[in-house]
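Supplied in structure tokens, the structure appears directly below.
When the chains are written out, they are named A, B, C and D in that same order, and each has its own residue count from 1.
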């Protein structure tokens, strides 16, 4: 998780990463590639962003869905990768990329083997070997240098942990515990085959390696913390220049050492990718709507609410002049309010909060139909098999709860709780829209007699504050999306003490045990049922109040394709995008 | 002056050491453990007492600084080291240098506009004191400095860019890269910023001129039979502009520290917007750096204005 | 029947000069029907309290009153031309050239930013085309003439490097540099030390002789008047209330206000006398000049005039001797008596 | 001893001063102000605005609006924009409703006015207190005290104050809460008042100091000193009364500046907490919508400008009345 590269746009949502999966793409079908034109090679694609820089460029540190999709599609090859397709089920299936196939599991899912393709090279022409993948993977362990990235390597690889919970291996820089790592990740004599030995069965480990955290890094070029300044490409492009900040640009040019024959995954249509940093969101919208000059082959990540009425007929259909280049799709994220169970231990009070909340007003404030559907848990329908309705608003709380909340029932619950009506504080990352949402929270809880105090936090500091148990308050605004199409990247992250996003401070022994069991369940169908039950359980315990299954709107220039939201990451399908030649 | 600067850095340091968000925490990310946090804190030098941090900082200014010298991955920040932003992975000085051009262009352009408009209109009003021209100018001036700059800026965008589409959306480029786009982008910010100051300078100039025109030496100049033109330009203007030089120098220096509001409205990549972003990110080293640079500008400007004063006014020379 | 019908005109002849300033609070009558005349080589002293209109009169003559802000009426014939009716540009050509002026405060009358040499040559260049060196030579010569030591060196100094007296000398040099035929000195010594005062006055007289200049000396220092003036005009409430030769004014004063003025001159021998002690009350506001005789609210003799005359009727300027005129309703005999009492109190006798 | 000795330049000003010398300066200033029609209109407007602010809840009740309640009917289900033109202006909502929540703009404006006036007025009063006291002390004590105060002023004036206010808002608001100020808006408002005053006083202190330096040389002060009056008495009984003119002028012109600064700060995010709103907050909010709903920009903007212009006009008039010759900025 991490904040999205959209900066302010999604600041209110906050954290997230991810990718979505399986099953119905909810709502409208996506439009087909721009104007039906044939993809051709050449041209420049422009990526307009409000952000002043990428959160991370270092492969082991990237953890934002859009960035994973962008860099995976351009400069970092991974052992496996998600299929390019607008169809959710297809897009969340994996194909081989750097590896010859999608990996072989043995030992009950505790050992995974991948063979690296011939002809795959870095930008200096040297071949990508098993050692490079292993070295890249090992960097994740240097938690004092390589910060911000996913830590699945640490939690999954068979390396003992120390008393304080940290790994006995401290990464390649200190070399402490190197032998432990070298045992966990081994290379065949020819350097072609890499073997990962895991501490427990991970049936979906070949999904985990789609993350660039498992991408190869040549040891000789590693500059530690500063590796992101000059990373070594293994993909069809390489970074020619990168200047952060307003007015800054990142220019990706073709990597002439990349051999198309070794890569049947990436199409590599454009000659150049240009990322323009620090543009005003209004400017981006305006430029894309006008779509003149270079902007015809430009893309961006979101839309300001004021433009929605201009571009769309309804939340699912664009106006004719924007047909084919505007999308409105469910994104991978679930928006919710985490309730800090350490500070609100009384279940009745938590229920009262959930019951009193005016989710209708919150959704309207976020954009109504455009903002998405009401959520009933932290697993979204586009997660496929892992989703099942929890019945949260129908029966879970003892009655059917209207979308606008039921203050009377909430009052009753408070009365039953045996406690006085509580005073709680609501933490949220500040923005004008979030301020209004806070006003809704304050008002609707107030109707049930709960005193809520808004606590706006500067967006850039938000997670720094709310992850600190000393500073976090009772109610915490959040959003989360899965890291790959398995709720193993949701439920454990959100609801167990070892999870990385447990804003609720939830620590339920029974629950934890059930999670551990689900994690190693090899039967995907059984596992799905387990996640469904855990999702329902968490809702029943009101660990969070889910508010919305997010939907997002995006627009591109007139001469760019294909135009669909790639369900794998809820992103543009960078690896197969092209400029339409006139 | 040096003492003032030293004092200033100390005050800035102490003030900002009060900030709540833990910068170490912010660079720690997911899977953050107390040990990592402690290591980060050590790397950033935050485990030291404030005064020692200050000492390290001052030392860094003169001899450079190495963060996390005892780790395998030290960060070198060469003198003059204004600090290092781990959030952005860049030396503060480099960040500031990157942002300075936009700020300087904005400040200089607006400065020229407002001085030209403010002084000429102010003199004009003074010469027509009490008549309708004077009253109109004063009215405009009052309206001008009563308009909050952010409202003015937003209105400019609404009318000029959105409704009339006379100019494209502002998008900063260096003047050396694309002069036309540069001017298109800077025009509104210049005007918006200049209006505020010009309104003030009109008044200042007018009142200064009126004061000077009432001086005995102006009567003397007239009694000598000098043409009115010379009386105004040579005798009145020079004396009347002296205080304006002071004000202008200080105002320009203040702007060189970043026009926070104008920059954020027109999304210019200047020091002001860097400052606001850094506040949002609790990027302490950058905030401290910008504060110091800005304050230094102002203090140095004070000095320059004093020197300039001596050039303009011979009486000052003798005293000093 | 009027004297002005004489064929020969005086060198400067001011008649019925009035200056009014319209202000938000009403019309300010700063000068109200003032007449006087002066010949070359002569000195006319205009005396009176602050606000009596002396300086405005002088500035009106010099054309220094901005006609945009004031109404100037009447005539001021200067060497055959009417200064009041003249265009601004013509006036400018005369100023600093044929007529010039010295001001009260030498500290503030010189531009602090320019070298005095430059300020002097500027005065030359405003009226004549001369080379730089010639202008410089003339300026240095003039500085020398006004008694500035090392004039060539001081030429490049700034005003603040001079003492008050020296600055006034510079002002005089500046005023006389184009050999004017009329010099107006507006309280030239008020701001100076007593010892310097005498030097400056002596300097003016000396230069007056040299250039045969007509001098209008505006002052409230009757001592100086006695020393250098040929004629004296006493102003009060924007009007000339008595006008005559120095002897007339000092030894045959007629107007109670003049008596008051004389009494106010500090004398070692002064005896306290309630009746003659400094004039009680304040000078009138030019905004609301009293009706009738402007001096009547402060006049101790008004009861001696029959009826309401002092309060209701403006006294005319009445000739009481050759070249001696006075504005007063008091009968001549009573004026005489009052004068005698006053002069006696001052230790003088009216011979 | 004599009027004769006054010996100042003639001209229109002196006689006026003489004429009015008998009346008290206060009366004259008031008389001049009363004659200035524009100033009187502005003064009445200000009184009206203050009344509006003070009685905001009452007025809202009368009109049946309030700034906190959500009106879901007034906004669209798709996108959350207001239903109807001009930001949803209707009889129910005289100035329209907020995007996304349907809260009443008119009521928000009234409550915003309240906060704005509260902050600006209080901060002005504090600024005047600090500035006057420190200016007097500095000017009267001279020497070391003067130098120290002068240095502090230099230091404060050298700071980029907007940046500092932004950067420190979080921590200092917390400090205030720790000191016992109620959490939430009271601390935030108090913070703004305090920082505005802290960064504002040096300007006034400089003016006051200059005045004190000249006043203290005057006879009446010297005679008090000779009579052995206590220092406190001299400072505040003898000198202070001579300073009220510049202080009054400064105060009337500072107030609108503070209104503008407060708006700018809340525009940048340092302001009152939701559900309350302020002018700057409303304008900040308008940024996302004003190309579609311009009234979001123009309504609060216009009110803000009217407020500031009115204050400035009154300030100008007061200054003109105190010194009819020439105003200084």
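Simple rule for what comes next: a contact is a pair of C-beta atoms (placed from the backbone, for glycine too) under 8 Å apart; a residue touches a chain by one contact, two chains touch by 3 or more.
Nothing here was measured: the structure is a model prediction, and the numbers come from that model.
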item	value
Chain nearest the overall Cα centroid	B
Centroid-based (C-alpha) most distant chain relative to chain C	A
Comparison of A-D and B-C by number of C-beta pairs in contact, larger one	A-D
Distance between the centres, which are taken as Cα means, of chain D and chain A, whole angstrom	48
Where chain B and chain C are represented by their mean Cα positions, the distance between them in whole Å	55
Distance between the centres, which are taken as Cα means, of chain C and chain A, whole angstrom	93
Inter-centroid spacing, chain D versus chain C (mean Cα positions, whole Å)	51
Residues of chain B engaged with two or more neighbouring chains	20-21, 279
Junction residues of chain D, two or more chains touched	170, 287, 290-291
In the complex with chain A, residue positions of chain D that touch it	68-70, 72, 75-81, 98-101, 103, 170, 183-184, 269, 273-275, 281, 284-285, 287-293
Chain C residues within the chain B interface of the complex	62, 64, 69, 88, 92-97, 100-101, 103, 105, 108-113, 122-123, 126-127, 158, 160-161, 171, 174-175
Chain D contact footprint on chain B (complex, rising order)	4, 7-8, 11, 15-16, 18-21, 142-143, 145-151, 154-155, 158, 162, 200, 203-204, 207, 210-211, 214, 254, 257-258, 260-261, 264, 275-276, 279, 287, 290-291, 294-295, 298-299, 302
Contact footprint of chain A on chain B as seen in their complex	20-22, 25-36, 39-40, 43, 71-73, 75, 87-90, 95, 98-99, 102, 169-174, 267-269, 273-274, 277, 279-283
Touching residues (chain side chain D, partner chain B) in the complex	151, 154-155, 157-160, 162-164, 166-168, 170-172, 174-175, 256, 260, 263-264, 267-268, 280, 283, 286-287, 290-291, 294, 297-298, 301, 304-305, 308-309, 312-313, 316, 326-329
